[in-house]
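Below are the structure tokens for one structure; questions will follow.
All chains are identified by letter, namely A, B, C, D and E, in their written order; residue positions are counted from 1 within each chain.
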């Protein structure tokens, strides 16, 4: 593709525009790093390299620190993620009530492993420590919705709600 | 918030709104609202009671109950004042309603003539 | 400032209120091993090798991070202390390759020394069997083997607190933690702000960070060290030339209070640009140009020629017909002698150098 | 240096490197510190982390700007206007040190008058720095307890170099920032012993320790000390004058020790002609440099690692050089060569060690009077150090300036010699880069650094590159009125549009083939930082 | 004020649990029904925070009768409105049934789960609209700030908290008043008050419920602390996984600002306080106070050595006070009612109440606030309704991943900070997981180690590498690879990690292993020496399934259920399982109608 340098830059400018909007809402100090990353991930669905570099520049924080922070917190992702994020609770209550069976069933249904995204970018599956809805164990969260008192049998039914 | 007094005033205002959640120990007006009652116009009576209580800013609970077996006397209204026995009135009309509030609720005088035998 | 008295291994010592147990022990010349501690860096407290026992509670305390309190009694070599240090060494070993034979840091590795000293001959948890990470060595200066990293964080701290490059930081979390450049790149790659000052290498207690040009050229204990002043810019950093067989193998840091670089700072030139010293193009004999070509000459021949020629010119046209450029890269003594020679012997004040350039 | 000497009575860095971290505000101008003095730049960044304000004024977006609180890019050659503008604001807002000015300086009234017309608006017009930035800079510099200025060749390598330094000295004195820890006027020395070479008489007008050759008493002192009949009573030639005289055939002999004027001096072609023209050229060096190629005799010298001696760094600290390895072949140390040569010319120079030479230096040089090898073994000494009991001097001008009162030298904006025109439409600056040093004779021959930065380049702004149809990594030709060179293009936004930058370390693309030999009238420093050039793709 | 008096309030639980059970749909159906009957002016519907009885959600309480309905569905609303709201007939079928007696209970006050509790911190949770500041004020909210600011000196406030005996509810149980005293005494031009709402213990959700159900109480507690120590700025560090809590807290802060209960010159004094929310980003270790502060500062959440303690050098090096949500929730009562009243509840060393999150194999799961000093048995049986499915009690894990597992003979232990430590557990944040006979204690240890190991920040050696080694050993044991000496090695390692780790996470990580080794050592031994998992939970240790020929009725249910076709046999005849093919998934066991399949 014939793409002159100038165009690439303009594209880049356009690509980063949402990030600049995010940055505009902050003082842009070190303390804003995590909230800015959260907002940027909200915008882009994940944290692309260019975005991280721009955040480092914008906040005057070393890129290595930005990357170190991103890889420290499990909330942040460096790869594109599925449209729907399935978080399977692996907390104590869920564990004793069969949460791992639900996870196994999920893996089977989606054909991906823990932490992976389906090829059609529909679902990302991840096990999480505890989502604090122990009364409903075993429980999962799909996006912001909690589904409780699950059994492996109920898994397809839950997934269907998010397929289109 | 400029002072504790201001807060206390605000608290008193706000408490009124939460009155129904702290019903114990408060005067209650209980309207029979079963099918028989509604057929006899209890719904309007209930509304009117509520409106009156609101208008007079009375610390009184207005609530509803099922049929007490005195279907022919409907609308039936029971007044329960704290630490007193229940008093039940039958065939309550809008006019009697005002009397019940004025005399019984506000002044504590039972309207013997309207009272039903238990 | 108020002082405090503490008892360490039965000996009393009076120390500053702000002192740590390690400071107090140092004052008594009681040695406590450390891996992550460095006096010029912020406190990290991560290796847990410097633990000592509080005689009263029996608790183990990290001596580098624990301030003294009045009347404290400390044991630095109780069974409990030795067992704990040994086990933490065993834990480090379980996540460390076993290749001391070929490791560049052999003989200069603090981990190796401690494992030897504490007699960890059969580590309970074995040794790292499969390399977790690929060695990074695409740049010409520093080889980075993350497998050998014990996460003491001295490199990260010296990079961020002294060099202030922000080139490296911890990445990932827990057992997967490592030190690195964003996106797992090599030092000096696109995402790296590394300027190859080499201070991380100096701080590294193991063979995780080593000098690439020095690879295979000599073990630390074979090298002779000579402190000198860096030959480059005007800061005058103190450096240590490490020499084997009349060859500079690498440049080490000097930690000397009041020097221009008290925390062993240098830049990439001071650290790595020493090859010129034994470069094959070095001049080894005087040269005299004859018919437009240089010919090698003996010193006598060359010096006589220069002396004759200068004498002739000064005799004919006076000293002012000669000028000299002294050098901002020669020593004070040499500069002094050149100007003395030109002024006193040749008779000219036309002496200058490139200070202005 | 000349400027500082006139203002304060001494031309060296007033304060110590360690004091970088003690300043409340650091003002860096005309110094690409991260590349040329990386260790000091790190200290500055460290200071910033601990709360120090950093102001950076440089025509380029240099590395240090990332750490700066205020960073401005003035047009090349407009430093005086900018500095006068700062003083204008400081005086107007009464931020100057009134008591200090009254007690310790002279000529304030003239200064006040001179900077009067440099309003922020006018400064913006000349320098391109926004008026509000000028005000902000002035406040940040003047409103703290300790403010320090650091500068380098970006200030001095101009036709107005000395005047630039006057302006800097004026600013520091005006705010009472001389003679106090963590403050000062600090020229950063580019080479490890520039300071020592100056201190030890490597200048045409002074003996060691800045003792004037024109002062009869001093002349006599040296005649006696050295046991010679008659020393010349006239100041000699500066380096650029030497080259000019050599080219004109007026200079017959030239002795060059460890210098490479072909690469380091301006207008390379002119230098080469001069070296060609000089009758007898001796070059004493460690490599057969571009200059040595012109020599009649080349003498092989020992390098820093092969000899003992001392260097004096930028902060006047005298430090050891120690021998670590033997010199190759028959190479000798420079001082031994001079001893031999003097002997052959009938003057006995007999020293058995560098220490002995230092003992003689101490005797004749008051500022080095207390310096000896014995003391240096376990003491850190900064001159002035006049006798055995003198602990040396961390910062100069405490209480009083070297020559009594500090003198304000008001200066006016002077436009650079060359301006961009239709043909030569870019302004080229030259300077250093981190990985190489000076003429490159050492770093270009050190495998690791040369492998990392093997190629010369010219920095061009993205916008200009677009216009010129040049992409990153293209070969380009850069030409000035004095010559042309070929090199690689490096596209970015470090330089502003209309400006280009070249490092001068690469013999294959010598930036100084393009520079202008126009000198500053006082310090005789060439205007390296402003040359009009044209750029085209090859 | 507009029309404000309704004859009835319907409180619908809007906690995370009930949201996931569909309370939003129930609410909209309820509102439709009310509109259909023209009742909107008489009946007010409002959404509350969590009642703590999530398993039974969606929940509704109808006032003034205070009738408690549970497990509601949208289609139930027609009947509920028609019958109860309109006609005053309690709808029996939606009432709660006691698990033991199967009796319907009309009022929530009469449910065992609530009856035995003493709800102070949780007093408003489920009973007020958390997004309406006036409801909080109506219950006496913000009076304590008024009292502190206008009638007490900061030192008097600190003394009151000290006298109350209030101890930190987040883990260690450090006396709150003492902490405040340190922060108050520390010199600093700026001080901070921080609320640790990074509730990360698996099995604990009391802080979330408090933030969702009564956010103003937390704000009030923080303002009082700020006044006491001299801080003018505060942060609430909340897990990002708690979006509802964050939303409610954000609304509450805005409201408080609007009402002048946050900001400048509170109650006409010169005391100012601003409060910010910081969302965590998913790192359990940030519950450790120094890691939490690093995270607020924009760094990796790695703990640093203490001292200096946050009270001396906290956020950005300034003196800071950190308490958790539940601790701050107790503060208004301490100030309003006074220390004397406060310490009437609880034991001498542990005053007041504590909220526990009851989960696991228990009938009533949910949040229970009880007085300190109650026994474990009372919580599990009287409030929790005992073990479900008629199984035997085996152990209770208390205190989250840093806590320990206690056996049956510790059930009568009175719960307070110190007694728990004595038996090798700890209060922690108050997670209480009940385990029955089917739970393998080695597997539980492995589970907790897996958690702490993956949540270790990786800074210090013992925690980073030690927990990994412990996990490896436990995995070895649960998969039948255990070796002689493993138990001893585990003990040594656990002791080392406990005594040399940098922060609380590492120091307490071995607790589950140590406590199970103490009380259930035989299970470990069975795994290692007999290759047997007594609870039948470790799959690798279980043999293939066998069918008891006599019991088998040949129904073929198992054949159909087997995913690998390992079961053969004609209908009505005895079936067999091919041992080599069997993957021990247990699918057949579940289907067998006569319990003929065993392992």
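Criterion: a residue touches a chain if its C-beta (ideal position, glycine included) is under 8 Å from a C-beta of that chain, and two chains touch if they have at least 3 such contacts.
Keep in mind it's a predicted model, so treat the numbers as computed, not measured.
Asks: Stepping chain to touching chain, what's the minimum from chain B to chain E?
Replies: The fewest touching-chain steps linking chain B to chain E number 1.
Asks: Going chain by chain, each one touching the next, work out the least steps from chain B to chain D.
Replies: 3
Asks: Return the chain label for which the distance between chain Cα mean and whole-protein Cα mean is smallest.
Replies: Central chain: A.
Asks: With centres defined by CA atoms only, which chain is the most remote from chain E?
Replies: D
Asks: Between A-C and A-E, name the chain pair that shares the greater number of C-beta pairs in contact.
Replies: A-E
Asks: Using Cα averages as centroids, what's the distance between chain C and chain E in whole Å?
Replies: Distance between chain centres: 52 Å.
Asks: How many angstrom lie between the CA centroids of chain A and chain E, rounded to a whole number?
Replies: The computed centroid separation for chain A versus chain E comes out at 25 Å.
Asks: In angstrom, rounded to a whole number, how far apart do the mean CA points of chain A and chain B lie?
Replies: 55
Asks: List, in ascending order, every residue of chain E touching at least 2 other chains.
Replies: Residues 283, 300, 302, 455, 457 of chain E touch two or more partner chains.
Asks: Along chain C, where are the residues that touch chain A in the complex?
Replies: 160, 165-173, 180-183, 191-193
Asks: For the complex, give me every residue of chain E touching chain A.
Replies: Within the complex, chain E contacts chain A at residues 16-17, 19-21, 53-55, 57, 199-205, 208, 239-243, 278-284, 295-302, 357, 359-361, 365-366, 397, 400, 431, 433, 435, 439, 444, 447-448, 451, 455, 457.
Asks: Can you check the complex and tell me which residues of chain C touch chain D?
Replies: Interface residues on the chain C side: 139-141, 161-165, 188, 195-197, 212-213, 224, 226-238, 241, 243, 246-248, 258-262, 265-269, 272-279, 281-289, 294, 299, 302-307, 309-311, 313, 316-317, 319-357.
Asks: Please name which positions on chain C make contact with chain E in the complex.
Replies: Against chain E, the touching part of chain C is residues 43-49, 51, 59-60, 62, 65-67, 83-84, 87-88, 91-92, 94-95, 124-125, 150-151, 153, 169-170, 172-177.
Asks: Chain C touches which residues of chain A in the complex?
Replies: 49, 52-53, 61-68, 71-72, 74, 78
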